[in-house]
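Pasting the structures here.
Across the two complexes that follow, subunit A remains constant while its partner is subunit B and subsequently subunit C.
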Partner chain A sequence: MPTTTASAVCTTVGNNILLRLTSGERDVKLKALRELKNQIIGNRTKKLSFLKLGAVPAVAGILSDAVSAVDVADNDENDRIVKDIIVQSAAVLGSFACGFEAGVRAVLDAGADILIQRGCLVEEMPLLKSYMEVVDAGARSLKMIYQSKMAPKYDFLQEENMEFLLSLLNNESENVSGLGASIISHSCKTSLEQKLLFDAGVLKRLTSLLGGSLIQRDASLESIATIFKNNPEVVSQFVGPDTGRTLSCIIEIVKDRFARTRLLASLCLIVIRNASPCYLQDVGIKTKLINNLLELLDDPGRVGDEASFAFSSLIAEKEDMQKLAFEVNGVDKLYNHLQKGSLHPRRFEGILLALADMCSKLECCRSRCLSLQVLKLVVDALAHDSSDVRSAACMCLRSVSRSIKNLSAGSFMNETIVIPLVRLLDDTSTAVQVAALGAISNIVVDFTTRRSTFIRLGGVKLLVQLSKSMDSTIRLNALRALRNLIFLAEDKCKEEIFMELTASLLASLICDPEPSVQEQALALVRNLVDGRINSVEYIFAEDGIILDAVGRQLRIASKAEIEIQGMYVLGNVATGKESHKEAVMDQLLLRAENKAQSCIIKFLQSNDSRLRTAAVWAVLNLTCSSSPGSSGRLVKLHDAGIVSHVKNMVNDPCLDVKVIYFSSLSGFLIVVLMVCLMTSRFSLVQLRVKTALEQFNSFDDSLASTSCLQFLTVRAVGELSHVVDPSSKEEESIANYFRFSMKKNKKKKSTRTVKFCFDVPADSL
Partner chain B sequence: MPVRVAESSAPSQVSGAHSEESSPPICSLLTVGQAFSGTQNVSNLQKEEAWRVNVRIQGCDLEHGYLCGTMEALNVPMADTPVVTFWEGEIVDAKNYTFYTGKWEATPEDDIRHWTKFPSFAPLLSRVEADGGKSLDLSNYPYIFMRWKEQYFVNVGTDCGLTIAGFYYVCFSCSDGSINGFYYDPNSRYFFACNSFLTYYCPFQKLELKCANEGRSGFSFSSYELQ
Partner chain C sequence: MSLFWIVIRQLAEIEAMAMSKKVITREEWEKKLNDVKIRKEDMNKLVMNFLVTEGYVDAAEKFRMESGTEPDIDLATITDRMAVKKAVQCGNVEDAIEKVNDLNPEILDTNPQLFFHLQQQRLIELIRNGKVEEALEFAQEELAPRGEENQSFLEELERTVALLAFEDVSNCPVGDLLDISQRLKTASEVNAAILTSQSHEKDPKLPSLLKMLLWAQNQLDEKAAYPRINDLATATLEDPAI
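The block that comes next holds the complex of A and B.
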């Protein structure tokens, strides 16, 4: 026998209610509103079905009519019914908006928020006790609307709005003041708005509400956190002069018996500490906060879900907090929750992120994770239905795999981890792809010979594919993973990666529109050409298009990071054969159009010591005395004015550059001599050698002079003895000058060593 | 012989109570990827012996005075293959670590006895004796002092009959990238010294390494970037 379905019954009941809402009888209408309210409270399904029936605009219409009809000051029977209709329709609309985004959209589309504000929250409200029920209902309803991100932003910049907000906050009704606080939590986004609210005295009012009812306390804590968030100025102005009382009050609330209040108070303190780390330095308070949040994880509801996110914001990027969290067994406690299984995705995500933050800096946390075998659960989470969980699992894996100690042991490069990770490179969510690339970037820094596992599982193919992505973040992260994979990789591994990448793709990535991608592409090439000497050949593939791209990028780049990587590419190539060195020379001496000098001179003069260092290494490798063509290149570098720039580096504040300079100076002494000897002008020989030796003497300003100078001068003069005929007068002249210099500096031991070093080959020094 | 393997605390470092001024010098030759090769003298009363040793830097965190890498001993008696160990290093920067070891059963006297074997330590001795070197600014000093402690065997099991109980006092020269080290094993201090793998009757086994350019004409540099 045919029967009526449940949904059909619902629709019939719904239609019936809606029909009664249109009744001319106020009593019927009121009764229908009450019925509707009771039907939808806490019931998403009912909300949705009434929404589809068009209940929201119908109720908004009733509210509009009632607001027009009511006399707020009157209190006769008729007005009491109208006021009841306003209360009930506001409650219905608020209920539609509560935790139900489609409902919020419908309420906003019907203009109900404005209606409620205009009809319920009238200017006279502080004076009208008879109207307080309406005001309360309106406030409750608007509060629900303002809990949604879709609600319109409240404009604090308008003076009348600020006045209205203050009137809400000053209202005795907890719903009305709670609404004021909700508006702040919802709409205050910029530092200007934070400042305006602070200047208007809102924070003082909110602080006083901390002593109010539970609703007021919670709403106030949330708003205070909103006004302090990332605003050290407001924090210092407010907390500074009155640190004791305000902070003590919030710290006290951290011990509140209500879990949500404890969470909100903790969040408030976290915001204060994150904005101004000078506050809340007391270890006891920090430990209390950590313990509180770890305990809140036990809450089975939303508070428990959110506690791990609050925990993350407390410890993220802060090693001291991570250490404290470790000391109170934070890793173990998080792991215990993870172990429970069947977690709500939000909670699962939060715990994984909390573990990721704990392991981001400290090896002890990573070790604990590994000894607890947390990774097994994390790896399982890589295949979770929720993309947020998958992403968080990748981040957790990324943090744990920052451990060089375990990378060296090859702890991560195994199929159990690599297979699900590689699979995520194809994920539908870009965020998951990026997170997976982050974890892969670390795991492929494998110091054992297990990289082949990653290649065998198709990792390289996918990474190369992603390096061609339209999304620059994906390109960047894919290239970083490839760069790390190729770091000190064996020849076979390099060969396979290069075959997949191809020279033309690499050349185009070096010239990518995104500077950070250019940097990673250059860093990849830098690693590619390092290692065995035949690796240098990669850069000359396809008529040297990679080398040309590197040179071109160096001539036009304006970002130091790109220039540094580019210079290390050339420096590494310059450790190769003569032809390699000559190719680097060509690139270095080329000038960009409209440029008065070559890029190498610009780099040697750079303010960035990392770039100066990279540039000096390239020059040093080109002038390495062991290669036959070095003297010719030195002459070219000298003629290009590069020698003088390197010489100026003797006073470089960066020790590294100074030391490299001294290392290279022996080579430069040779070129100076070579240049001079070619011109057969003895006086010039003396002059140049003298200048060079003077540079040594100037390195006499610290403890370094006693040891570094000694070594370098010995080595340099030792090399000179190779260049200059041992029987010639030049040698004697140099030796005499050196003895004189050393005597002047009271380096008697050095002088003796110098004498000695004229008798032994430079190589043995 | 039973040799106890000491626990390592690195790289969980001392929280920074000192200023940034005393941060260690940055040296290109002491960065990730750099390789060093040389020998470790393991001569004893019976015979002269030196093992070939290769070292590779794998991680470097100057902010925390941390360095790590692998050490490969090539001609180890009793071992069929080269023996590779992973070590972690403490950089003496007066911020994270001082010249005094304070663990691994090394007394201040042991520390001074070993550090003074490096000629470059001589100018620092008086300050170290006065306050442990806490007031020294080593940021411009052309030598970097470290302690290297082997943590585990990479390619052989712990039952290989070899031990890594001790640690190295190390001095790195920024000028030429050379490394000198002296091995110290507290359990052998009275009668003999140990090197990292086997016990020999010889005092102060010396590790001598030079920056290796691996057949290249110059120095090349790779890098990785952890996320």
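The block that comes next holds the complex of A and C.
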């Protein structure tokens, strides 16, 4: 077969070279070394085959011999050959280490890095030209080694190492100073090291290298970025008469003629920007960076691949940057690149992640994506060979599906999207599974009734399976997806999901070793029992193990988020029948370890307003006057000291919930107003409502109080529709709430308005 | 009816105004040209830049001696670079590769496209010399693995190997690969890579200037009739057509 013949030929040639390497005669050795070098440079296949023949240790041996044989000051012919041998063997070793992981490993195993350093880069470097070649060759090879992740970590903490590094940096030769910079870029990881390097005054030399040759400039940019990365302290110490000069120098280099240099300069500026909020904040520089990176995407090579990652680091989590990028048609440009097809996986991943970042906060970006039909390309990417690409596609979907407008329109809940996504739940890579779960969590928040599509396609089975995973991240995300799926689901849907989940699984998840998993499980149960009376029944399945688990967690939990979800579960259950309410009372009072101090009192006094809110809801749902047993429950709660705490909340500084007790001989009037879901945005509304409520409190007459209530609801709705974005679910739900309460008011004179709050899973979107 | 004719006449006038361009005579033009000052040093630098980038070492050396213009890179490095370029132009690709690796072993290791084109040129030379078996072996051993790594390399490889399929190579669809121009293309690529590694611009400035001139003339053509330079080689002014 032709291939075998070819490699057989290769092996013969290879063996021939290796044989000559072992020769005693120096010129034979030298010739063989040069041949070997010329065979392997640029040729990955040859590197591999020579590696297998044991070339690396052989050459390392030759280098070692030559280094001991050389006399530095000598310049005669004999020594010439020895120096040439050093140069050639260093070049061979360097080439093996160039972009070829197996080669780097072999070179390091042979101890070649230390050999080269000792042999080529001694401190007292004579200026003989022949020796300069040795130095250059050594520096080049070491630089190749240090570009690999596997290179040994350079210990900056040792003083002699630091001195050596500084001598490298200060050397005139571009290869040697480039090596120094490479070492910094590769090995400087911790903030302590960053500080050490900064204090050693390395930055001054690096800045001067910015004006040097291409190699020096590129290496210097990478090093500067490494020293400043994620280190605000070092960046702040950067202040001084030199700062402006360095920064403006780098800003100039952003316009350099070489693409790679432009990319490195941009990355450097991004690192400085991200580490410290006081630099590089003006609109001019922001726009320049964005435009530069978008332009670099055009580069067909590795620079173009990496440009999108740089773009992501520039805009991630920063709404102002995303807005700027949108204004310069960033979405369109990214889409154009996506469209080109048969992209290198790295580039594909980068562009998808960039789009994900663009759409993470801004609705305009998401709309633009959807109108450009980006989804089709993203869905295709879900089936890509590379797991990184699949993962990135899921993240992109997750960002785009944060668009509530499109969620409500059901744009995502169709087979073309759901089928490939569900398939990814079974993916070999954990990261892909987690990313897919993230996307699914959003997509299932569907405001139409199309969840059945997802269930029909086997989504629930897989989600439940994943919630039993050994990996807690997967359990967590699977539960989140289920929680969102169950949110406001129809009865039939809920039933199917619950049957798949089973009560015992839910109960065990509530008691999961991971607190974050417990939280999601409780939130899931909260959404499960929310809705009609029948939904509440679920929590009593299998002898009420779920309810017991909830109660137990509430008593022992220490994390606020868990307590909040647990309280809401109880609050929701308390909207059910008498038996349901009694069961909740049971959990709160009878099972308490210390009967005098139910856990709910702790919550009512908590500093966390969300917790207080949740607790009050539960109390109110337990004592609302429409149920026959409510007066009895009120008495019990009063005896437990709970009621007085609730009464004190009239003056609660948090205006999420305003509770007014109106007690009369015949009954109670309890009004709860859920003014807004997020306190901060509606302060104006709160002020008005607070004023009105205080007036309300003084009314003795139920008729007057009813009118007051009506007035409040109208005012509140009016305010809210002015303040809130009309497309948001929040406004719709709040409006619904108030319509409900207004309708009730019209029917009866004395009313109670009770509504348990349902969870708009804003945090998971 | 008369209104109609007035409108037509007005339209004709407007059109005539648009059509008539400003005419500049040779005298006026040459006078304007004389008023523009160019420094001799700038021109010398341009010439030196051209000689250096294109690799005319001896000419650059002589020019330096005669004009006192300093080249922006070390002339010694040009010699090495020119040796490489010459080797490729003569079809001695293996020699060229050795020389490049001696000059800077990083270049071919970090430039897969260049390396592939050099190997491709080697294959072409083997085919040109009729060494069919050797060519096949070479293609299998050296080039096929490159093709596996990269789709575009594979396509180019297939084109090259196709040369072997034709009896009359000079008339086949891929015959251009055997042209001298292919060698020159590869040589130019190597030259550019070496220049880049030395932080030098890979293109001389002179062609850009000439392009600028042509563009400017095209722009001006729309507005005026003036003495044009039509032959870049002689740069003579040709009178405007009136």
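The working rule: the second predicted complex is superposed on the first by the 631 of 765 C-alpha atoms of A that agree within 3 Å, B and C clash if a C-alpha of one lies under 4 Å from a C-alpha of the other, contacts with A are read in each partner's own complex, and residues count from 1 in each chain.
Here is the rule we go by: contacts are C-beta pairs under 8 Å (C-beta built on N, C-alpha and C of every residue); 3 or more make two chains touch, one makes a residue touch a chain.
These numbers were taken from a predicted model, which means no experiment stands behind them.
Of the two partner chains placed by superposition, only subunit B is touched by A:323; subunit C is not.
With both structures placed on the common chain, the touch criterion links A:620 to subunit B but leaves subunit C unconnected.
Residue contacts after overlaying the shared chain place A:164 against neither subunit B nor subunit C. Contacts of A:498 after superposition on the shared chain: neither subunit B nor subunit C is touched. A count of residues in subunit A touched by subunit B and by subunit C gives the higher number to B. Applying the stated contact rule after C-alpha superposition, one finds that A:532 touches subunit B and leaves subunit C untouched. Contacts of A:487 after superposition: subunit B is touched, whereas subunit C is not reached.
Common to the subunit B and subunit C contact sets on subunit A is no residue at all.
Considering their complex, residues 97-98, 101, 105-106, 108-112, 115, 137, 140-142, 145, 149, 151, 196-199, 201 of subunit C touch subunit A. Subunit A makes touch with subunit B in their complex at residues 319-320, 323, 362-364, 398, 402, 404-405, 407-409, 438-439, 441-442, 445, 447-448, 480, 483-484, 487-488, 523, 526-527, 529-533, 568, 571-572, 574-577, 581, 609, 613, 617, 620-622, 624, 626-627, 654-656, 659-660, 662-663, 702-704, 706-708, 711-712, 715.
Across the complex, subunit B meets subunit A through its residues 10-12, 15, 25-28, 33, 56, 58-59, 68, 70, 86, 88, 119-120, 123-124, 139-143, 151-152, 154, 173-176, 213-227. By the touch rule above, subunit A contacts subunit C in their complex via residues 2-3, 5-7, 9-10, 34, 37-38, 41-45, 91, 94-95, 98-99, 140, 144, 213-215, 257-258, 342.
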